[in-house]
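Each of the next two complexes has chain A plus one more chain, namely chain B in the first and chain C in the second.
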Partner chain A sequence: MNQFIRNNLGYLLLLAALVILPYALALITGDPLNKGLPLFVQGLMIQVFILAVFALSYDILMGHTGILSFGHALFFGTGAYTLGILVKYGQWSIPAAIVAVVIIAALESFVIGVLSLRVHGVYFAMVTLAFATVAFILVEATDFKKWTGAEDGLHGIPVPDALNPALHRTEFYFLALAFAVMVYLLVKLFVDSPSGRVWAAIRENEARATSIGYNTLVFKVQATIISGIIGALAGVLNALWNLSATPQTMGVDTTINALLMCIIGGSGTIIGPMLGAGVLQLLGYLLNLWLGSVWQLVFGLIYILLVLFVPYGIIGTWRAKNFEWRAMWRDRLQRVATGTGKSSG
Partner chain B sequence: MSNILELHSIHTFIGQFHILEGVSLSVAEGSITALLGRNGAGKTTTLKSIIGLRPPREGAVRFGGADIRGRRPYDIAALGIGYVPENRAVFRALTVEENLRIAERKKDDLAKRGDLIFGLFPDLKKFIKLSAGQLSGGQQQMLAIARSLVPENRLLLIDEPSEGLAPILIEQLMESIRSLSAHTTILLVEQNFRMASQLADYYYLIDDGKSVQNGAMKDLVNDRATVQRYLGAS
Partner chain C sequence: MTWLNKNRNPLITALIILIALVLAFSGKSPQTTSSIILSGVTLAALYFLVASGVSLIFGLMDVLNFAHGSLFMFGAYAGWTFYTNPRLLFNTAPILLAVLAGLALSPILARFVALPRWARWLAVLFGIAMAIFALRDFPIDKLVAMGMSMTGKIIPTAEAQEPIATMLLRIGGMFIAGAVASAATATRSAERLEAPMSRTLGIVGGLVALALITLFVRDLGEQAILGTESNWRFLLALGVGAGTGAALGALMEWGLIRPLYARPIYQILLTLGLTFVFDQVVRFVWGPAGAFMEIPQWFNTSSQDCPSDNLLLWFSQHCDSIFVMGRPFPSYRLFIILVGAIMVLGIALLLQRTRFGMIIRAGVQDSEMVEALGINVRRVFTLVFAIGAGLAGLGGVVAAPFLGVYPGMAMEFLLQAFIVVVIGGLGSIPGAVVGALLVGLARAYGDHIVLAGIQLPWMTDAISGSPAIARASTVLIMAIVLFLKPTGIFGKKE
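After this line comes the complex of A and B, so read on.
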């Protein structure tokens, strides 16, 4: 047990800090939990947790299996809209709607995976972008305005009071935190499993993995399905938080954000993308506060500096102390950028 | 002695380039057969044609009597062919143990074959928890070969094992490959003619994607003119 605490000290401290954060803020400001700064920071952090899960789901593909997707927002949006439509217009209970989301996301990612994973690298990215764009057009289409709200989005998802983030902010904060911790543990379990090792083998050299006896398509589809389901669940939580589902959830910006979070935090490190979500979200908020509308320009500059000086992300660079790690990462990023790369065994 | 592998005039293309223009060879069960030829002759492509990474368009690839041409690499591997690609083909992010385990076809393959593997490559046991990217070049090459030994393969295709290794390591590697041949059949691609000539029982010589000559290795060693002409070594 002692050994466990020592090995995971950083994670445990981070978790403890997040648990006491609302209470610490309440104590410092003198405000109650459901007013002022404590209320506001909890809201900010809830968004961080949601995006952390979404970024992590994206990194199952990019960081762990070496698959570049530009259409991951499709799953986030699927989760948000499926929940919204079923709960608001179908009068489904939330648990039943979540089961439906899992099934739909699994089918969706299975079909996309089987159809598209035969092409590699940027070509796969383009195919996924096409799928996500079709979904984006569909939710914006006035033909389905009755259910989707078209450009305005679907608003006023009815939820029981206990789940209402406006009424029970702190409970929702812990729900989102628990969700993020659970997904972290789940992804760690997958990555450390025999399947996870095959994902890593595919990421490094797909031909090599094939020639030792793996039907790599099966494992890539498996990774896509797991990634899709988790991404959709993040979308569910986002819909519950906002009590709405909007076209932006399906938009390409949502995917690009996940990509940035992974790269900033450290792709392929599990905790990295989650940390990246925190950095991106909090930095975005602070820059917006200080600089107003030009904040994105400044953020772009910061991003360029990060890529130049912290090239493997915060966690990746921290771990990349020796040359071998660096060589491996260079290799990996190159392969993601150029497709599967070498066909030479 | 029967042939475990036979290629009958295979033709392989990479894109629109006609790389193999009729390569034929047979590998006798239990032997070490060397595939020789200068750079770009098509040796690596021949191995890839066998394992299915570059499926031949024409000809026949027979393994254990069955035609395997056109099958997927993972199906071909499952029949009992281990492929050791050139350039120390390990998975760098995985540990030594994970590199071995990933090659298991049955759950207890490594447990069963561990003694053989670590007997041949004791270094690997020492570094079992280290990530493969941290091993030296020679150790990585040994790991790549060791990985092909985890399942009970009936044939190993080994591509340029000595490439980039120091002479002392080449000696060690030769010892290991020689001991290996007691357990399995080996088709070896090797630029280092001295190494190939000391290990192999038979040779096949290819040039410009075509089979040129074959026979017992001991005859080739004495045929200086042929060695000079096709391999540029003596």
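After this line comes the complex of A and C, so read on.
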């Protein structure tokens, strides 16, 4: 047990901080939990949790399997719209609608995966972009206005009072936090499983994984399906939080956001994209306050600079540096201990 | 027999398409058929101009350029701005040229300056601050608004643009910002050190001179352009669009994509980021609303003789439409088809009949081998990127009088170009032609059906839809092709 705490100290502290955050803010500002700054920060953090899950689902593909998807917003939007339509017009209960979302997302990702993963890796990027754009066009089309609300989006999803984010902000905060933690554990489980090892093998060198005898298509489709389902669940939570589903959830910007979070935080690490979501959301909020509408342009430029100069993100760079520092100090200590004055590097 | 075997896939496809065409048009009158086919070929010409670049670039250097739609859009905006509001170009071009001149100093700086890490960050910050300072209060909105309000008229020059002295300060500031940025990123690579100093100085001096000349002739130039007859102005705009596209493409390859050849995934990530940035730049400069571009006089005359009865009569009348099978068809769209056909021919000639084309084809096969033969593949890469981007830019200007200019056109054409290359096979020019024709025809047919409504035998009322359905339906063809032959009709086996 001690060992466990020592190994995961950082994560546990982060979790504790997030649990205490609303109460601490309420204590400092003197406002109750459902007013003023505490209310606002909880709202901001709920969005961070939702986006963190979405970024994590994206990174299953990009960071862990080495597949680039440019249409991940499709799943986010699928989750939001499916839930919205079923609950609002089908009078389904929310759990039933969530089951439906999982099934639909699994089918969707299965079809896309089987269609596009048989060829060169870039096909997946193109095909997912094409499907997501088509979904965006259809959601915005006036033909289905009755269900999707066309350009305005689907508003006023009826939810039971207990789930209403406006009435029970703190409960929703903990729901979103619990959801994010659960998905984190789940993804960790997947990545450390035998399948996860094969994903990593595909990422590193697909030809070699094939020659060892793995049917890589199966594993790639598997990763796509898992990623799609988790992405759709993030969309569900987003719809419950906003009580609406808008075309923007399907748009390219949503995909680029997920990509950004992975790259900022460090793709291929599990906690990285989640931290990236936090950084992006808070930075976006601040830049928006400071620069107005130009902030998106600034954001795009920051993204390009990151891709060029900090490709491994916060966590990736930190781990690499940490490793170097440790090696350096170990080396120095050893030199002191053995009394040899000469540096080895 | 071997010929049949070799071309099995294209032949089967041709057969399927033929059957599909016969089925699709069996119940239609020849007039409807011809106008649908012409509309389809018009779209196909535009799709080809974007898709051919995507395909060429991927074939040669394995870079999937997600910013290609944006190059198309930028070409369209540049050509349209040149046509209606050259003042904006004359006032922004010197500033952009100055940054480039500063950046082009990098081979020289790499020789003398090797900044430590912390100084690099400081230099970056200083460069950004310098750029912000140099661009402060630049009256971009006024410059843009001039063109919107007085389309094609000669505008009074004293308003909206800043005095030459202010502009000179801005140019100087941006030159310094560019130079600082190149000092911050300068690395001592062997290739850079080999570049002769005189050439670098020549490039920098040329850019600076060009910036200054553009600035000093801005009034004269503007009046000369706006005074030109609309047809010639349009032809010049085509050149400007293609040139802008080519220059942007070459810059992208040289400055952003080349450093990332070791990390292929990041190249794609970068180009996707560029689409986002270009989109934001266009929204920031020209606003989120689109605009229409005037059709030049040659294709825009209306008199009592119009529409022209046939193509020959059109040459003397210049009517806005021509009778095709007894139904008027806009003559400008025939011009689009003509441009598309010329470009198909041009690319075919370039690839099959020139030495440069031979190098490209060899590079598609095996670029390492070509390099081993002593050919500078990097320069070929940059040139091909520029050619592909130039085609897209040209396509943008050609499309502008037909579809207008709007920020969404980048995504729209990128999507169609991807569908085209997936159908035809990435890296294959014949594939791009066939794919473009297929998608264009399907799109035109879809538009027709959606407007007219579908009535299947068991339905009481016809279902009609919005154009969005037709836009979305082309993805179905892509899905079918992917299912049957994942590498596309003309694609190589993996």
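Side notes on the structure shown:
In this text, the second predicted complex is superposed on the first by the 306 of 345 C-alpha atoms of A that agree within 3 Å, B and C clash if a C-alpha of one lies under 4 Å from a C-alpha of the other, contacts with A are read in each partner's own complex, and residues count from 1 in each chain.
Criterion: contacts are C-beta pairs under 8 Å (C-beta built on N, C-alpha and C of every residue); 3 or more make two chains touch, one makes a residue touch a chain.
In this text the structure is predicted, and so the values were computed from the model without any measurement.
Using the contact criterion defined above for the overlaid structures, shared-chain residue A:140 touches chain C, although it does not reach chain B.
Judged by the number of chain A residues each one touches, C leads among chain B and chain C.
Touch criterion not met for A:161: it reaches neither chain B nor chain C. No residue of chain A is contacted both by chain B in one complex and by chain C in the other. Within the complex formed with chain C, the chain A residues making contact are 62, 66, 68, 70, 115-116, 118-120, 122-123, 125-127, 129-131, 133-134, 137-138, 140-143, 252-253, 256, 259, 263, 293-294, 296-297, 300-301, 303-304, 307-308, 311. Against chain A, in their complex, chain B makes its touches with residues 44, 48, 51-53, 72-74, 77-78, 82-83, 85-87, 89, 91-94, 98, 101-103, 105, 131, 133-134, 147-148, 151, 159.
The part of chain C that touches chain A in the complex is made up of residues 58, 64, 66, 256, 259-260, 263, 265-266, 268-270, 272-277, 280-281, 284, 411, 414-415, 418-419, 421-422, 426, 465-466, 468-469, 471-472, 475, 478-479, 482-483, 486-487, 491, 494. Per the touch definition, chain A reaches chain B in the complex via residues 194, 197-198, 200-201, 203-205, 207-208, 210-216, 322, 324-325, 327-328, 331, 343-345.
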